[in-house]
Amino acid sequence: MPENGRFYYDDYVVIKALENGVTVIGLTRGKDTRFHHTEKLDKNEIMIAQFTEHTSAIKIRGRVEVLTKHGKLRNDE
Amino acid sequence: MPENGRFYYDDYVVIKALENGVTVIGLTRGKDTRFHHTEKLDKNEIMIAQFTEHTSAIKIRGRVEVLTKHGKLRNDE
Amino acid sequence: MPENGRFYYDDYVVIKALENGVTVIGLTRGKDTRFHHTEKLDKNEIMIAQFTEHTSAIKIRGRVEVLTKHGKLRNDE
Amino acid sequence: MPENGRFYYDDYVVIKALENGVTVIGLTRGKDTRFHHTEKLDKNEIMIAQFTEHTSAIKIRGRVEVLTKHGKLRNDE
Amino acid sequence: MPENGRFYYDDYVVIKALENGVTVIGLTRGKDTRFHHTEKLDKNEIMIAQFTEHTSAIKIRGRVEVLTKHGKLRNDE
Amino acid sequence: MPENGRFYYDDYVVIKALENGVTVIGLTRGKDTRFHHTEKLDKNEIMIAQFTEHTSAIKIRGRVEVLTKHGKLRNDE
Amino acid sequence: MPENGRFYYDDYVVIKALENGVTVIGLTRGKDTRFHHTEKLDKNEIMIAQFTEHTSAIKIRGRVEVLTKHGKLRNDE
Amino acid sequence: MPENGRFYYDDYVVIKALENGVTVIGLTRGKDTRFHHTEKLDKNEIMIAQFTEHTSAIKIRGRVEVLTKHGKLRNDE
Amino acid sequence: MPENGRFYYDDYVVIKALENGVTVIGLTRGKDTRFHHTEKLDKNEIMIAQFTEHTSAIKIRGRVEVLTKHGKLRNDE
Amino acid sequence: MPENGRFYYDDYVVIKALENGVTVIGLTRGKDTRFHHTEKLDKNEIMIAQFTEHTSAIKIRGRVEVLTKHGKLRNDE
Amino acid sequence: MPENGRFYYDDYVVIKALENGVTVIGLTRGKDTRFHHTEKLDKNEIMIAQFTEHTSAIKIRGRVEVLTKHGKLRNDE
Amino acid sequence: MPENGRFYYDDYVVIKALENGVTVIGLTRGKDTRFHHTEKLDKNEIMIAQFTEHTSAIKIRGRVEVLTKHGKLRNDE
């Protein structure tokens, strides 16, 4: 257990699936930007995801509502 | 007991189950993003969960109301 | 007594029991997320609990009103 | 007297007893969460208590008005 | 005189006595929570008291108006 | 002259005497809470006083108007 | 794993594709500003991207809605 | 010239004399609270004074308008 | 990879091209202020650019809408 | 040139002379509070002055408008 | 490449030329205040410039609109 | 190039000349307060000037509009 840096306050986004089969993809931080994780969401499932040492970008496929610090966004309008 | 870093101010989310059988799943921080904990909530149970050294994402299955710093969300509308 | 870090400003939540037999459960921080403390509240008892080195999640069973930094929540509506 | 850390800015809550025999209980910080102090308040007595190295949770029995950073709460409604 | 830490910004509360014989009691910080100081206030006397290395809780007996960061409180209503 | 810590930003309160013979008393910080300074104010005199290494509480006798970070207070109403 | 600096709070932007074939291009930080990553978005796909050690500018081709800390922007009006 | 601490951001108060012969008195910081400086202001003269290493309290005699961070005060009403 | 300073929170500006052939020019930080990068934007392309170790000024030619922390600006009015 | 502390963000006040012969006097920081600089302003001249290592108080003679962080003040009303 | 201090958050101003031949001049930080860079702007060109190690003042000739943290300014009214 | 302290966020003021022959004078920081730089502004020229290691006060002669953090000021009314 590290002695400092126990502080995981990085921002997060909130994603609500509006249909089955939504895909939330974490893209790698670092020189190569590639997919490192894919999470499947069914309708009404909610994912709350932080940016981390390994994830500096998130890509979302499928109808969702997203809450971020810059506001709310839907793609089913 | 550590000498520094006694500071657990990481953000948290508040989840209220709106039906029996809600599942709140902690996903691991780090290279592999996999389930590391699953908590079952019955109707009206409330869970208040921080992001931690081990949890950088949370997935929720079932009807809930969620309070986050980016606002409030329900999936039973 | 430690020389630094005397600073216990971590966030807290406020729980008011709306019935007898409310259970407030502290879940452990760390690799294993398990119950480490259970507090019983009778009707109208109030508990004000911080997140700590040992508690990174709180689970509540029974009718309550909860005050958090993300807003107020009741489960008896 | 320590050279640093003279800084006792931790948050506090304000409790006003609305009847005789109110009990304000400090619960220990650390692995074991047990009662470490009990303060009795008679009607109209006020207690203003910080979270400290030794107290990470407070439990209140009896009718009170409580002021916290998340708002005001009464249990005599 | 210490070289650092000359910084006494800890929060304070403001107490106005609404009757003679108000008692403001400082409770000790640390393992034992006991009375370490009692200040008597007559009607209309005002006390402005910080939390300190020695005081982590304040108990008030008698009719007062109190100003705190969480709001204003009277016990003579 | 110290090399660091030249920073005297501690909070202050503003006291206006509304009658002759107002007494503003500084109470000592530390284990013993005793009077260490008494300042007499005549009607309309104003005192602006910081909390310091030596003063952690202030007691006021006589009719005054006080401005603090928690609001304004008069005791002549 | 580094001991400090586990803190990935850099700002991010939110991009919603309003048509197929949107291109989001990361431009390199450093002396040379060149394309280092290109992400294709189809209609309604959402990308949430941080600035990083490797990306100090983002270029977007195609109809999008963008949320940033300086406001919202659309290019299909 | 010191290498650090060139930072004189301590708070100040603004005093406008509303009559001749206003006295602004600096009281010493430290164990002894005594007058260390007296400044005379004639009508309409303005004094803007910081708290400093040497001044932790200010006493004002005579009719003035004072601007502080806790609000505005006049003593000629 | 550096151990500290992984923090790329520098401010950014958002530029939307309102015509083809917009030029966004990065000017060098340092003793010499010269062009170090030129980015061409066609109509409706969006560029989001941080200030960096290498860029302390940005020059824009052509009709654009710009979002900055000091407000919004258009040059096609 | 010092390696740290290049940071001159101390607060300043803005003074506009409303008549000829306004005097802005810098008073010394430190044990002795004496005049160390006098600046004469003619009507409509403006002076913007920081608090510094050498100046902890400013005295103004003559009709002026002053802008400070605690508000605006005129002495010619 | 330095290990710390990768942080270029200094404030910037936004300048829009309202005519051809606008001149934006960077003045040197340090003992001598002299011109170190001159940038010419034609009508509708926009310049966004930070304060830097080398620039502590900016002088503008010609009709412009300027956005700063203290507000907006035009000189063509 | 220094390793730390690359941070030039000191406050600045914005000056617009409302007539020819405006003089903006930088006064030296330090024991002696004397003129160290004089900048002439013609009508409509704008100067944006930071406080620096060398400048702790600014004196302005001639009709101007000034924007500061304490508000806006004109001397041609």
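Side notes on the structure shown:
Per-chain numbering from 1; labels A, B, C, D, E, F, G, H, I, J, K and L assigned in written order.
Throughout what follows, contacts are C-beta pairs under 8 Å (C-beta built on N, C-alpha and C of every residue); 3 or more make two chains touch, one makes a residue touch a chain.
If you're wondering where the values come from, they're calculated on a predicted model, not measured in any experiment.
Between chain D and chain K, the least number of touching-chain steps is 6. Shared contacts of chain G and chain I, meaning chains that touch the two of them, come down to nothing at all. The best fit of Cα atoms from chain H onto chain K calls for a rotation angle of 90°, in steps of 5.
Annotation: 52 Å between the Cα-based centres of chain C and chain K.
Chain A and chain E, compared by their mean Cα positions, are separated by 47 Å.
We define each chain's centre as the mean of its Cα atoms; on that basis chain E and chain F are separated by 14 Å. The distance from the centre of chain E to the centre of chain J, each centre being the mean of the chain's C-alpha atoms, comes to 38 Å. Across the assembly, chain D contributes 3-5, 7-10, 13, 52-53, 68-69 as residues in contact with two or more other chains.
Chain contact topology: the protein chains form a single closed ring, every chain touching exactly two others. The touching chains form a single ring; listed from chain K in the chain L direction they are K, L, J, H, F, E, D, C, B, A, G, I.
Within the complex formed with chain B, the chain C residues making contact are 2-5, 7-11, 13, 27, 29-31, 33, 50-53, 56-61, 63-64, 66, 68-71, 73, 75-76. The touching residues of chain G, counted against chain A in their complex, run 1, 3-10, 12-14, 16, 26, 36-37, 39, 41-42, 44-50, 52-55, 65, 67-69, 72.
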